[in-house]
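Note that subunit A is present in both complexes that follow, paired respectively with subunit B and with subunit C.
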Partner chain A sequence: MEERMRRVDPKLLELLVCPLSKGRLSYDAERNELISEKARLAYPIRDGIPIMLISEARKIEM
Partner chain B sequence: MGYPADNGAAIRPRVSIVQRQSIVELLFDQSLVEAHRARALKSGDRSAAFLLQIAADELADRLAVIERHFDEAVELHGYTGQVAERLMQTGKIGHVTRVETVADQPEMIAAPLEHVPLAPGSANLVVSPLSLHLTNDTPGVFIQVRRALAPDGLFLAAIPGAGTLQELREVMLAAESEITGGASPRVIPFVDVREVGGLLQRAGYALPVVDSDSYTVRYDSLFALARDLRAMGMANPLLGRSRTPLPRKVLMRAAELYATRFSDPDGRIRATFTIIYVSGWAPHESQQQPLKPGSAKMRLADALKVKDS
Partner chain C sequence: MTRERVSAEGGMETSYGFRQVGESEKQTLVNDVFHRVAKRYDIMNDVMSLGLHRAWKDAMIAALNPAKREDYRVLDVAGGTGDIAMRIVEASGRRAHATVLDINGSMLSVGAERARKAGLADHLDFVEANAEELPFEPNSFDAYTIAFGIRNVPHIDVALKEAHRVLKRGGRLMVLEFSAVDQPFLEKIYDTWSFNAIPRFGKMVTGDAEPYQYLVESIRKFPNQRDFATMIEKVGFSRVGFTNYTGGIAALHSAWKI
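After this line comes the complex of A and B, so read on.
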């Protein structure tokens, strides 16, 4: 139950884009993050809430 | 020195960077805006939510008369969420997602004020209650919202406009210049209703409608007003604000001026809040269109029933 609570609603994912690049997001289930490849940022999901704040996002090294 | 052309080439990229930054004049410190909202929300003081409730009722009235059902609605930075709740009560909305700078409940999304994190064409209704007065790039937000709307989707907004806190602005300016011999911006500039109309059209909305209402709120003193403003998350977020604390003497003088200039016979002071109500549609072929020039089937003179001279 607790695990399911933390997961993000798939319908919410369809609604969202990266606020910076407006590009598509992919969901990384392992880290529970939303990945914006264009902006090279990973947005965290906390308690099922996508945190689409650039200040909170993790930079992805590629 | 002998190669002016080279110099020019070396300078040019720098110039272009400067221009890109200055396209939008930055007025608000966004991190401070977010901090004020977060602090106010956390304090749980809902006594100042009356303005949001007025906006909620007004927006709900406007939504209720539209013969349409909106499956996916998004509330952008609705603060307490009472606008989303009130709009749901109209029965015109299937599902609402709340976007806020601080998200603490499920079905919410945390996002900054100026970046709309919504996929193109993903929403049928976007509502912005009392938050678009704090954005640096308001035209940009209008455009982002239009892209997020599905064709024939509706954008509804309530924006604090020109006239809001005009009394406070006047007495702060007078008190500060009188005591310190100078003045710094204490009250944010608010947008004019005509400018909002122009913005809507420029952002590509069809059938734009803009109007405004002014509300007078009475307080015991300037201090009670200031307390409410803080509870609304409306403390001064201007980048050009003075970084030194306001001297107590200035504040006392401002309160005195407020009481002499803008009070009712019973001693209570008046504060004006003007709210601009905005609606615009994402274009769709089913909407009424102007006819092509020259396609008229009737003479204008006949339609107006005037005699040719």
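After this line comes the complex of A and C, so read on.
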């Protein structure tokens, strides 16, 4: 798949927050995930669509 | 099992169609319905409503009257297949930006593909999320739309509170949903159509009758026009009103965040 289609629109990234903590997210380009430091969760991005579901997020150690 | 409509006090969170379910079960059951119907969803809407859903959606977009500005942002919730969002972008002269949110990945895949084919991908983005836990900053959107989606959300009050939070001041809520028919003669025909014809057509088109049985039952459970307006007022919206379409088969509720 084209790189362009895998990535999320930067304007959308500005609006997105963690659905659990409502805190800001940072983008991990390497894993293509959105990281919520407050909630310690990583949200996956599939085919350019961020999956902002707590049930789909990966728990992370900080 | 009860066929009574739920009131403004709530009850949709434990109703899966006419069946009483646990509060934690509903979302899973609804998810399953939409995974099963995603690919044929828009075609089935044509069949089920005899094409009327198009006129209702057109009326909704006309009432919204989206601004023809690049900074006009709409959040379309439960809008997986992109139908409403694409209509809004077109109505804005391809200027507005719409974010399509759905809890169901199967529905979003259909929408994203359709947006690419229509050349509208730059005006739309797609997010998989729960209407009860929106992943957006407060005061982010000029309009929040949801068409034939709110009755499938388990906690409608929570979803409405979230809508209020993410709307800007002066932002508008627009909810299109099946509602209570106010004419006895029409109601009789409508009931026969809903409970006999729709599940059969569903089976013919998608090979599966059960999801359509849920859809028609959930329509009968959803609060009537006045009760739903009360629910919208309760979470802090102002100037709540509704318009019936086709004798109340569908109704558009509109409200403002002031």
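Just so it is clear, the second predicted complex is superposed on the first by the 61 of 62 C-alpha atoms of A that agree within 3 Å, B and C clash if a C-alpha of one lies under 4 Å from a C-alpha of the other, contacts with A are read in each partner's own complex, and residues count from 1 in each chain.
One rule holds in what follows: a residue touches a chain if its C-beta (ideal position, glycine included) is under 8 Å from a C-beta of that chain, and two chains touch if they have at least 3 such contacts.
Because the structure is predicted, anything quoted here is derived from the model rather than measured.
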item	value
First (subunit B), second (subunit C), both or neither touched by A:Ile60	neither
Subunit B and subunit C contact sites that coincide on subunit A, given as residue numbers	9, 12, 15-20, 22, 47-54, 56
Subunit B residues touching subunit A - in the complex, by the definition given at the top	31, 72, 74, 97, 101, 103-112, 115-120, 122-123, 144, 147
Residues of subunit C touching subunit A in the complex	97, 99, 103, 105, 108-109, 112, 125-130, 133-137, 140
Residues of subunit A touching subunit B in the complex	5, 9, 12, 14-20, 22, 24, 47-56
Residues of subunit A defined as touching subunit C within the complex	8-9, 11-12, 15-20, 22, 46-54, 56
